[in-house]
Structure formats: structure tokens, C-alpha cells
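Chain naming follows the written order as A, B, C and D, and within any one chain the residues start at number 1.
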Amino acid sequence: MSQKLKIADKEFTSRLFTGTGKFSSSHLMKEALLASESELITVALKRVDVANEEDDILSHLNHNHINLLPNTSGVRTAKEAVFAAELSREALETNWVKLEIHPDPRYLLPDPIETLKAAEELVKLGFVVMPYIHADPVLCKRLEEVGVQCVMPLGAPIGSNKGLKTVDFLEIIIEQSNVPVIVDAGIGAPSHAAYAMELGADAVLVNTAIAVSQTPVAMAKAFKMAVEAGRMAYEAKLAPRSEMAIASSPLTSFLS
Amino acid sequence: MSQKLKIADKEFTSRLFTGTGKFSSSHLMKEALLASESELITVALKRVDVANEEDDILSHLNHNHINLLPNTSGVRTAKEAVFAAELSREALETNWVKLEIHPDPRYLLPDPIETLKAAEELVKLGFVVMPYIHADPVLCKRLEEVGVQCVMPLGAPIGSNKGLKTVDFLEIIIEQSNVPVIVDAGIGAPSHAAYAMELGADAVLVNTAIAVSQTPVAMAKAFKMAVEAGRMAYEAKLAPRSEMAIASSPLTSFLS
Amino acid sequence: MSQKLKIADKEFTSRLFTGTGKFSSSHLMKEALLASESELITVALKRVDVANEEDDILSHLNHNHINLLPNTSGVRTAKEAVFAAELSREALETNWVKLEIHPDPRYLLPDPIETLKAAEELVKLGFVVMPYIHADPVLCKRLEEVGVQCVMPLGAPIGSNKGLKTVDFLEIIIEQSNVPVIVDAGIGAPSHAAYAMELGADAVLVNTAIAVSQTPVAMAKAFKMAVEAGRMAYEAKLAPRSEMAIASSPLTSFLS
Amino acid sequence: MSQKLKIADKEFTSRLFTGTGKFSSSHLMKEALLASESELITVALKRVDVANEEDDILSHLNHNHINLLPNTSGVRTAKEAVFAAELSREALETNWVKLEIHPDPRYLLPDPIETLKAAEELVKLGFVVMPYIHADPVLCKRLEEVGVQCVMPLGAPIGSNKGLKTVDFLEIIIEQSNVPVIVDAGIGAPSHAAYAMELGADAVLVNTAIAVSQTPVAMAKAFKMAVEAGRMAYEAKLAPRSEMAIASSPLTSFLS
């Protein structure tokens, strides 16, 4: 079978990471996320009622194979991000954090400057930092240098479902990175997820495309299979492209 | 589970059709095609030694779930195609035929005129005709009118592994067709196959990308999963694309 | 300066062919077509009032440098096309004809079978035949064999303004053709026209994108320049693409 | 005619900016840059022999309509960039600077962190700062906030000639920017330049594609026309795209 993915001290069999936003009900969310077989599920701290032990989201995700990944969605600066991460560490008893700093409410694109600043500080504070960023190869290397455990470049704006609009840069990032590369944001169809994996991404994060599908449970399963297919193809090595046709069947004149 | 595909009087659980060309050994071909779970496998009549009951290819594909689909690869005219189809009907005891007429040896692109002519005659002769054609929506309708059981438009030149370079026209074909649409040629990666299925193609045919991979058995399995994923996503209905970002997580200012 | 284009016995300085449809007024049409400097302008026979010497469209296009190219738009079969061509030859005193047979009113895609049949007959009848077709390389060769004077493959459905959605096949057509290749339909922006010329197309035909622009005269001029730019770049030979960056400026460490 | 472009206190008629790298001779460089009609030409400080009044490059570009734009190519940090800019201000008697900080020699992609830091300091020191950056919309806004006079997002890696591989993000940048947006790097053909202008970019910078063409003078002229065509089309407003065909010619049945 496929190689496992290791981030920090955890190993993952599934290379499909998911999120909890936009589902029409908690029940549907639970069913879809179980169908996805995802082992890392991001949750916005603001959605977790930390004072309430019966918090709806957390109770639905209380499964052995599921690791919760709090994210800092909603923060606008490095300072706010660090504060959010510390709150989440206390509330969810995890030092993992998905670092998201996107000041612009229209396209939700990440801020490279604040993200690097927050990443550096969070690493010093002992966090396993998973930063959501533009597909900027130089920024990825700088984040790696300050000690993040992976990089999460975007394929397209969050929730746009446009697919891999940054593929020329994802290829460079994957080629250069010494930490896992997880394509985040923009993946809107199983074929997009398979493509990211075929390029050599270590994992993908999918939320909107599952949550707002008409049938989230089936869509979650479709993404699970596509991610496995893409990874398997990557490990099996794809055949090269050719400018010319190459016959599959013998072409000597039929009657000769 | 997914809907079954019906062509003529046969039902298919698998929507991945495959071929027998270019494998480095018959053994590897057999292992890969079994891993693909394909139920319709095309074989060039020229590769079948019709006088030899122990013919290598046929003996390897002698499984209950496998239907052989003789193809007319190597013919250059309608007349040759009809002759080849009749030979194959006798040799393989099937009235199914994949009609391929590609006079140009460099790009192996199909001839629309000869293909329509041969299709019309073969239908009259009682064949189940599956024509390989350019992604030409008008030609597809004309073939449908003469009674073919499906259409097989190309994604890109055979063996090029370039993927779906005809997507604007495949969409029109799928929208207009009253017979199954099977995307043939050019599919070079599981993500391409998933994409075709997400568009609403009824099946895909993959040969080169499996056969010339470094690990055909794993690649066959990857394609199998990708086709299932794409079909499942199509049935579950993909979420729409958006020009703007749509937040997955709440964006009210974190500290508010 | 750029090489001239020769079709049949006529030489063209301009490689931008245009049409007369969809303009909001005849005056605006005239101004735009003059600004385009186009020397070959297609006109639907139905729009020409052959009994009326003062016919509006014809009177506006009565310039020495302009050649009218009647088209068969509206016909659905080879027979109708031949009849239309004969009518137009009489009415407009030209044996040139743009052969368009598109039975489907939704996408207006051309019929390959009827087009070849009509082309063959029209050539025999002494016409200079310019067939509008799908970007099908085999069909192009067959048309060439029956004696058409050029081929006019589409970039995308007429009036869609989508650009070159058939580029993988246009490249093959251009490589193989012994008659001029004119990209017709789908060109929606000057960049599309320049791209077609850079690929080696001999000319482009643009109508909708000029006619329905908010400022047709300026748009006509923009297309004129883009076509010249693309042709000039083709003749000057474009620099190759590279997977890696190649510095424009010296990169020895600044302070060394 | 087209609107003029204003950056800081200068107005430009030409929206094609160029560079001096990679030409096979100074003479050819001069001829090509004159043919381009470019009014802003970037030059690496390292290539200018500041002690030599007869410096080759400078003497060739000594024309009234040409403004020299020193760039900081070769620096790796903000500190080095500021030092380079100060040297160039003294040597070339201009406070304009193209800020380029690309630590990685393979893809020459810009460093967002060092670039913002240098930009902030250079603005304080009175420079007109033109920063070369990744097509990162958030970074563009932050640069605008510190006072740069334009932003120069890349289309693809420098010298790759790949065209606009960042178009989804260039569109956001153009929509949001309050300073001119100049697409820099990756433009390899006149059609790419026209496309950037059609999107609403204020200018493009082209160097490699002109310099390494087989015929730089003709290619320079081709780019000049393409940039004008693209700008003219932008101002004239392009017609919208359509999923369906829209007939150019009347389609009422021909014989009716």
C-alpha cells in the first residue's frame, strides 16, 4: 500500500485532510467526515464552545482515528494568531495549529508577512505549525527555516472550487520542500485532489467541496478514493506525455 | 452505489474500459487488467492468432467478468473496417466492435467520413458499433442517427497522455447525446479519468497510461479508483465554482 | 515587412478577415471594417438583397481593397450549400464562397460529412471553396485532397468569444496543411488572434468580437494590430519556453 | 488614442517596459529597444560601469524619450537592496528603482518578506519604488500601504516565456490596486502581453522574449503592437464570453 505521511510525531494513513465548516447539520458533517476516513480535521476555534463540555462539534468528532486541528480563522494579525493558538491549545489540549491569517474578507487570501511572523513565534512556543499560504516558493522556504512542520499552499481562493490555479508554483514548492506540502483551498472536485497528489503533494485539505455538495457523504467518499488514486499513481510513476500519438494497438496495415 | 452502465444488452459495473497494447509482458498485462476490474477490454484483431486456440492474449483474458472488444486498429478505410469486423466476429464470437479508422500514422487521428460510412454498414450487419472519433458533436449525432450504441470521442491523440484537450466539446457531446459517451485516447493520469467522469462521461478507455507506467498493476488500481471517484462525484453533484472566496470557517473578527 | 498571404489567385496584405453580422448599424459596420483594414469580408447571402442595386450592406463595402466573401450560413445540407453558392456567384459576381453547414442551432458547429460533400462538388463547379470546419486534422487533409483553397478550423463555438479551445489540434493542422489555415470562430480578444498567428495560422476571421464590442471601431483596430503582432512574432521566431527561470540581469552576488 | 500611464511624476505613452539583459550585442539591444518605443528601460546596476563615462549600455540608451530604471538584481536581502539602490541613485542620477530580491538562483522568485522591508525603507529614503513580486494580492496591498508607486507581479518565472500562469491572482490584484499594476516576468509572446493588457494591467515588462528571439528588432515591434492592441481592447471593452454559440450570420433556414 501507499507510504504513510508523517507530520511532527504523527503518522497518517489518509492523505485527505478535511474541515468542519459549511455543513448543513452536525449530523451530516459527522457522517461525511467518517466517510472521508480523514484523520486530521480542522475546526475553527470560534466554533468550539470551550466552556461547554457537550460542545456539539467536538462531540461529533470524538473518534479514535480523528485528530482535531484548530485553526486561527478570523484573526488578522500575527499577534491575534498567537493568542488564538494559545487559547486553542488550552481548550483542545493539542499543540497543533493551522495558522490562517487572511485580512481581506473578499478573497480570504493569506498575509505572507504576518504568517511568517506568527509561525516563527508559535514554533518557539512549542506548537506544531501548519501555515496556510499563497503558493509562493520563497515564502515556503522561509517558513521551513523557522521550523514549521509542513506548508499549506493554496490552489485557488478558499471555497472557490476552481482547482489548481497555482500548479506552476506548486511544482516548484514540492520540488524544493523538506517538509510535507499540503495543498489547501480551491480544490473543488475529486479530479483536482487527484491531480495535486499526482504532482507529488503529500496531502490535500478539502472542506467546501464536500460540505456544500448535494450529497456530502458520497462526495467525501469520492474525495477519499481520488486522493488514494492520485497518491498511488504518483508512487507508481505516471507515463510521460508525448507531443505525438503513440499507438496502443499494432498499426501495420490491416490486410498485410 | 453508482448506477450501472448499459451498452446494447450488456450491463457494466466498472466504467473503466481498458486495452491490451504496449504491456511489457502478457503476465503483467493480465495482472494489471485484473487489478483494473475492467469488464470491457479492447484487443486488436491482428494481435489475436485466430488459428491458435492457445492464443496468448485470449488465454490470459479468459475470465467470466471480462468482455473482449475487438478493434479495427490498422485499417484505413470503411471497407477495410467492415472486413476486419467480420473477421473478428467470427474469430472471437462477438458482434461488438470498436471501430477505429485512422489513416495518419503520426497522430492516429480518426477519419470522420470513413468512420460514419463503416458505422452505418456495420450497424446494418448487426454489429454493436463503438466508434472512436474526434470530439466533434455533429459527427456524434450523425453516428447516433445511424445506430451506433455509444460514441467514443478522444481527449487527445492516442498515447499522448495529455488529458482532456477537448473538454469544451466533450461537454457539448455529453449534453446532446442519447447514447453513452466514452472518452477514449489521451487520458494519461487518474485525475484525467476522474475529470471526464465528473463532466458526465459514461465511461473512459485507458490503455497506454496503465501499460507504460513503471508499475502497471498499481496504476490500473489507481485508475479504477479515480473512475469510481469521478462517477460518484458526478452523481453526488459537484459544488459550483465561485469567482470569490467563500469562507469555510467563521470570519467574525476573532476577538469580538 | 510580413509576407503576403495568397489564396487562389488573390494576395492579401491583411491577415485579418472579418464579417458583417451583429453590428448595431450599417454605418458602424462600415467604420469598423475600414478600421480593421480587412481585405476579405464575409457576408451572408441572405443579408444581401440581390434585386436591389442599392442594397445597404454592399454599398457600404464598395471599396477597392475589399473582397466580398459570400457565406452559406443558414444551409443545413450539401445540396442547399451548393444551391446557395450558385446564387451568390450570380448575385455577387464572385466564385469565392465560405462554406458553412451547421445544422444545430444551439452551438452552430459544422457538419463534417455534408461539408466535405459540398466542397467536392463546389470545387468541380469552379468555386474557390473556403470551408468552416471543426479543428479535425483528418478532415482538413480530406478537404485539401478534394481541392479547397484553404481550411477554416474553429477555435471555439461561433460567437462564444472563448478563444483557442482547440489549440492542440490547430497545431497539427498547421503542421500538416498544404493550403492556408484560417482560424475561424471563437476568437474573442486580440490576444486570441495574436496567439493563433503565433502558432502559424495564415489568417484569422473575426466578427462577433468586433461587432458586439462597446466600441467596434477601436476594437477593429486592436484586432488589426494584434494580428500583425502575432504574424510578426511568428516570422521573427519566438523564444523557447523553459521550465526554469533564466535571468535577464546578472546574478553574481551584488556586493562581490 | 489610449490613455497615458502615470507613475509618480512621469507620464508614459508606451505601456511596454523593457530590459537590457541577454541581447547578443549592444548594437542589437539599441535597435530593438528603439523599435519597441519603450520609455522605461530597466538596467542592472552591475552592468553599468559607473566610473566610466563612456559606459557602453548607457551610451546606447541616451535618448530623450528613454528613462532608465536601475534594478537591484543580484541582491539577496533588504539591506543589500537598499545599498544597491543608493549606489544607483548616485550613479544614474535617478531616484527610481526596480526592487528585485530573489535569493534562489534556480527560479529567481522574489522574496516577499525582504521586498516589503526594503520597499518601506526605500520609500522613506525618497525613492520611487517599483517592486517585483509574486502575484500575491495581499502582499500587493501591503506594498501599496508603505508607499510604493506601482506593483510588478510576475506572470511566470523570469525568462521562462510561459505566459500568464498567475491570471486568477492578477485579476484580483488589478481589481484591488490603487497603484499601477505592471506584469513582469514570464511574458514570452506578444499574445501574452496583449492578454495582460486586456485584463487591465497598466503595463508589462518584457526582456527575455525580445532579447533571445532570432530577430529582436522585429520581435520588439511585435510586442509594441500587441501591447497597444491589448490596451485598446481593454479601453474599448471586450465582448463577453458565452457558453453557447451566437450566430454571426442570419440562421433562418436558407431556402425559406
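The rule is simple: a residue touches a chain if its C-beta (ideal position, glycine included) is under 8 Å from a C-beta of that chain, and two chains touch if they have at least 3 such contacts.
Keep in mind the model is a prediction, meaning the values are calculated, not measured.
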| item | value |
| --- | --- |
| A-B, A-D or B-C - pair sharing over half of the C-D contact pairs | A-B |
| Interface sides of chain A and chain D: same vs different residues, half threshold | same |
| Chain A and chain D: spacing of chain centres that average the CA atoms, whole Å | 34 |
| Separation of chain A from chain B, taking each centre as the mean of its C-alpha atoms, in whole Å | 32 |
| Chain centre separation (chain B, chain D; CA means) in Å | 46 |
| Where chain C touches two or more other chains at once, by residue number | 107, 109, 157, 162 |
| Graph class of chain-chain contacts, one of line, ring, star, complete, other | ring |
| Listing of all chain pairs that touch each other, if any do | A-B, A-D, B-C, C-D |
| Residues of chain A touching chain D in the complex | 102-104, 107, 109-113, 116, 134, 136-139, 141-142, 156-157, 162, 165-169, 172, 176 |
| In the complex, chain D residues that touch chain C | 19, 21-22, 42, 44-47, 71-76, 80, 83-84, 100, 105-109, 157-162, 188-192, 194-195, 198, 207-209, 211-216, 218-219, 221-226, 228-230, 232-233, 235-255 |
